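Structures are listed in the sections that come next.
Each of the next two complexes has chain A plus one other chain: chain B in the first, chain C in the second.
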Partner chain A sequence: MTFAFETPWALSGLVLILLPLLDNGVGKTPYPWLRLIPEDPLSRLFSLCLHLLGMAAVAALILGLAGLYRTGQKIERIGHGAHIVLLLDRSNSMDNTFAGRTPSGDEESKADAARRLLTGFVDSRKQDLIGLAEYSTAPLFIMPLTDNKQALQAAIAATKTPALAYTHISKGLAIALSYFKQQPLTGARIVLLVSDGAAAIDPDNEQKLREWFKQYPVSLYWIYLRTEGSPGIDTFPEDSRNDNAQAMPERYLHLFFKSLNIPYQAYQAESPDAVQQAIADIDRLENRPLHYWQRLPKQDLSNVCYLWAVILMLLLLGLKFCEVRR
Partner chain B sequence: MIKQAFKDYRVVCLLLALTAMAIMFIYPGEKRIQPVYRLIFIVDITRSMNATDYQINGKAVSRLDTVKQTLRDLLLKLPCQSEVGLGIFTERRSALLFEPLEICSSYAEIDSTIARLDWRMAWAADSRIAKGLLSTLDMLQKRDSAILFITDGQEAPPVNPRYRTDFSSIKKRVKGMIIGTGGLNPVPIPKFNANGGQNGFYTPDDVPHRSTFGLPPSGSEQVEGYNARNAAFGSEAAVGNEHLSALHESYLQQLAVETGLGYARLVDLKALETLQTGGLAEPQAVVADVRWRAALTAWILLLFCFVPLPAKFTNKGHQ
Partner chain C sequence: MIGSGPLFKHHEPLIANPDPRRLDLRASMLDPFAQYRVRAYQQKSALTIYLVADLSASMAFSGHNAKPQILSDLVNGCAQSAFEYDDKFGFIGCSHPIDTRFLLPACRQPGRTRKLARALLEIPFKSDSKGLEHAAHHLPVKRSLVFLVSDFHFESQRISRIMHGLSRHDVIPLVLWDDSEYRDLPQWGIVKYRDMENATTRTLLMRPALKQSIIAAFRQRRRLLQQCFRAFGAEPLFLNQGYQVEAFNHYFQQRVL
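Now for the complex of A and B:
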């Protein structure tokens, strides 16, 4: 917790605390001979009070003028939540419908369905830190892990713009894992991959990904938006010659994920309803206790200063009416 | 006695000061018109933006890094309630990373996303500036944001004059500016390998020096070796300096005129006035904090109570 000021230069006014330090603000009455007046400890005490009250009032106004605020306050909390990285496929095919057509009128494209459901998902996960990454041919860093739902919604809404190019899944996974690099390990870590297809992962990248998945323990959820007629993740090819990563990238990606020894769940969604089911599942499953520090926003204390100034000035005014005047 | 007390100027000062404070608590703010900005930055992340022709603290810095630094600095200068969106340009179109966000509540998010902009985000390698500008403006014209298209103007491959982009469909429909980056002297473009390490610079053999798509530019009949069917572009090998990159300012200014956008250089973006003169500021009513006025008044009145005055100025008529 630290205190800081909006306009620190206003603090130079504190010099004028000297005025109430030197003068107690009581009208002076001339006496012919001061020794005539007896020693009066009570009056001395009141005089001291007047000095102090005056100094405090002047200081309170200055602190208010300088815009005193408190920042960096943290509350330790145990909540239910997770660090979630949403990894979105922005390849061209996402702009098609689940039936693999260009959407016409009342149909919803896969990207639309994903956007609609992720919007709801982000809103429902109140205590999570969520980040957003996208990939097509190249990975895109979109939003860091944050609890700022407005920013996340703005990023999800931006996927309404046309999709980009091809599917380079290994780069996408790499950028998603990079989000956890500087995060303390607490609560659940989730990568939620939303894609409508896969691509072969080359051996170099596979090695690196395996390393990173071991290094940053995450649970992986893959929502596979399956286009009608395309092979599923569990489809076994009829012809064994087609059983390779180039011909069946989805099946091989699924096998790769299963071989990682991490909590992994795949959802094959052929319709927007199925996507909803997958997201509801994650909502239910990923609620492990999360130990975190909640940062409180900056607290403006200038009004408190002003209020104190008023109280002090009222006291001074009250004492004024107690003054003996001759 | 109370009557006597009011003869003391200090009591009057204290009462006035308290009145000022009362007014302050009743009217803490005042409505004011303040310029705010609604901007979408579109940053060119093509290879030529890696050319290092800027300097920060005596160190050569790439155009892209300079753009990032400038935008992050600008973010601090924009008034609250301004909104900023971010997109990247490569190939022949742009990708919007996020819709405009209020900068004071989402500063950390916007700032870190700008900081992570990277040339490796490019999903394809061409740099067709004019086409990209058209598709960007077309994509974003429904939004009420001004667009800042930040580029060095290096078309790769070079444009065939026969196929110039026609901006008439969006001319003057979109507010915004083209921001030119880079130096005026051509510098080599760094070349990177698959792992991101620098691998020398692009050489003349690495890049196309003319576009051979479609029909040749008009007037090609005079070119040496011209044959309408077999050598429409002539027989000479294309030579050029496309492997070097400089700010193509006159080209960008021309694009600005054709699209109805403004033009400024990146260094100008350091000052908010550039955006103001570009007509991008929107007046908006904001509640300004005016508590300082009353507080200052009260403070001065309070100080008056403690000015040590010689006895003859006080309690007159009581001697």
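Now for the complex of A and C:
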């Protein structure tokens, strides 16, 4: 635990601590000859206490003025859980319902369903470090891996704003993987991709992604929010001319993930309930010991100092009233 | 001393004092043994009374009675009774070093003593009590009656030295103490006392037990002072309630008997 000060020069006031040593503040009454009064250890102790009280009060005031605070720090923690990066699709189509329409009345858009379920998921994973990234045409860095659930909920709630543009999945995956760059390898690493479609990955990006997936051993879960009527990930095209990444991006993305040789699981969700099923699966599967550092923010202690100064001064004031003056 | 003074002292048988001129017929008639009684007169003798006063800082203390006021009253009272009997009165104020302003050689001038008494109320008391040891140099060679006024708040060896210096005279130590120094201390509370002579301070957490022990310390001090003065044949007079003529009368009655 380390302490520091906002205005260290105010500490020069600590010299004033010596003041109560000179005088304990009790009003003086003249007396002809003190030698006649017998020695009294209790009075001597009491006088010492008065000096110390005065010194402590001055010290508390000065420390308060100097702005004492505890510096931010890291605490080592061990839990059960995983490092999870939630990768959310923010393309236009996410604002439609599972039926592919603009939601009306009680209907829930795919983004709403994803938000609701992810909120529940984050709540249920108490000890995980969870990060949030989004992608549309460009990737969005939202929240680094953290155990601050409140911040995460806020970040997830913030996806309520209208969706953005297209789907550029390779960049999204890249930013999700980059979350693991500075993290030590403990516990499970999961990328949870929530999207309602896919896009072709060009060969350059594909090469890079393969490299990174090799570098950062992650498990990949893909929750594919399938719109009614759109091709599934396992759908084989009837016409072999359509069997290419441009026409059937979901199928080719699925194949790409499979070829990565990493633990990979895809869920085709056609309704909000199916999404819940996928999340429950992850909840069950990924629970390994996790070693991580918790960051504590800097803590201002000047209030505590002032509180103590007030307590000590009230005490001294009370003693002042016990004084007998002639 | 019996002699030819104007003051009547007592009757004596004619045998003891064979002076028929002083025969008192009325007293002789009233005598149950029918003897002649002769008046005896007190020899007129000029006595010199000196008041040697401690003017150290502790004498400025004022509790129920201000000690400078008591001192001033003593000067007035002693001077008045001295002048009534045609005695001389002198004053030695012992600061350290002795200040000549507070030296009054034996005289019969009421004006000077009154002026001195007034001046005593205004002087700053700030020296220590060492001056008392030098008082003897300012006293006359002739045996005098010396009132030694102080609170005697100093070491008893110094009291012995002072009494040695005054051994030629008839010394009556007057001890000025005040009840607020010990008997009237508060039962409970916080007090900080500053020594009037050396400015040291002590904080006391007053409680009945401590008060009792202070009173006991003063009682012991009183016994010590009595022993100290009795070793020189002097009986101290403790003035706790200020200047009271009755205390003096009582003291002198005891002394004669």
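As a convention for this text, the second predicted complex is superposed on the first by the 213 of 326 C-alpha atoms of A that agree within 3 Å, B and C clash if a C-alpha of one lies under 4 Å from a C-alpha of the other, contacts with A are read in each partner's own complex, and residues count from 1 in each chain.
In this section, a residue touches a chain if its C-beta (ideal position, glycine included) is under 8 Å from a C-beta of that chain, and two chains touch if they have at least 3 such contacts.
A quick note: this is a predicted structure, and the numbers were derived from the prediction, not measured.
In the superposed model, A:Ser136 lies in contact with chain B only, and not with chain C. Looking at the shared chain after the overlay, A:Phe5 reaches neither chain B nor chain C. Of the two partners chain B and chain C, it is B that touches the larger number of chain A residues.
When the two structures are aligned on the shared chain, A:Ile62 is found in touch with chain B, with no touch to chain C.
Of the two partner chains, chain C is the only one that A:Asp40 touches; chain B does not reach it.
When the two structures are aligned on the shared chain, A:Glu323 is found in touch with chain B and with chain C.
In the superposition on chain A, no contact is made by A:Trp212 with either chain B or chain C. In the superposed model, A:Pro30 makes contact with both chain B and chain C.
In the superposed model, A:Gly54 lies in contact with chain B only, and not with chain C. Residues 24, 27-30, 323, 326 of chain A contact both chain B in one complex and chain C in the other. Remark: chain C residues 58-61, 151, 153-154, 180-182, 186, 188-197, 200-206, 210, 213-214, 217-218, 221 touch chain A in the complex. Chain A contributes residues 24, 26-38, 40, 42-43, 46-47, 50, 319, 322-324, 326 to its touches with chain C in the complex. Contacts from chain A toward chain B in the complex involve residues 13, 16, 19-20, 22-25, 27-30, 54, 57-58, 61-62, 64-65, 90, 136-144, 146, 148, 150-151, 154-155, 157-158, 161-162, 164-166, 302, 306, 309-310, 313-314, 316-317, 320-321, 323, 325-326. On the side of chain B, the complex with chain A involves touching residues 1-2, 4-5, 8, 10-11, 14-15, 17-18, 21, 24-25, 85, 88, 93, 95-102, 105-106, 108-110, 112-113, 116-118, 120-124, 139, 291-292, 295-296, 298-299, 302-303, 305-312, 314-315, 318-319.
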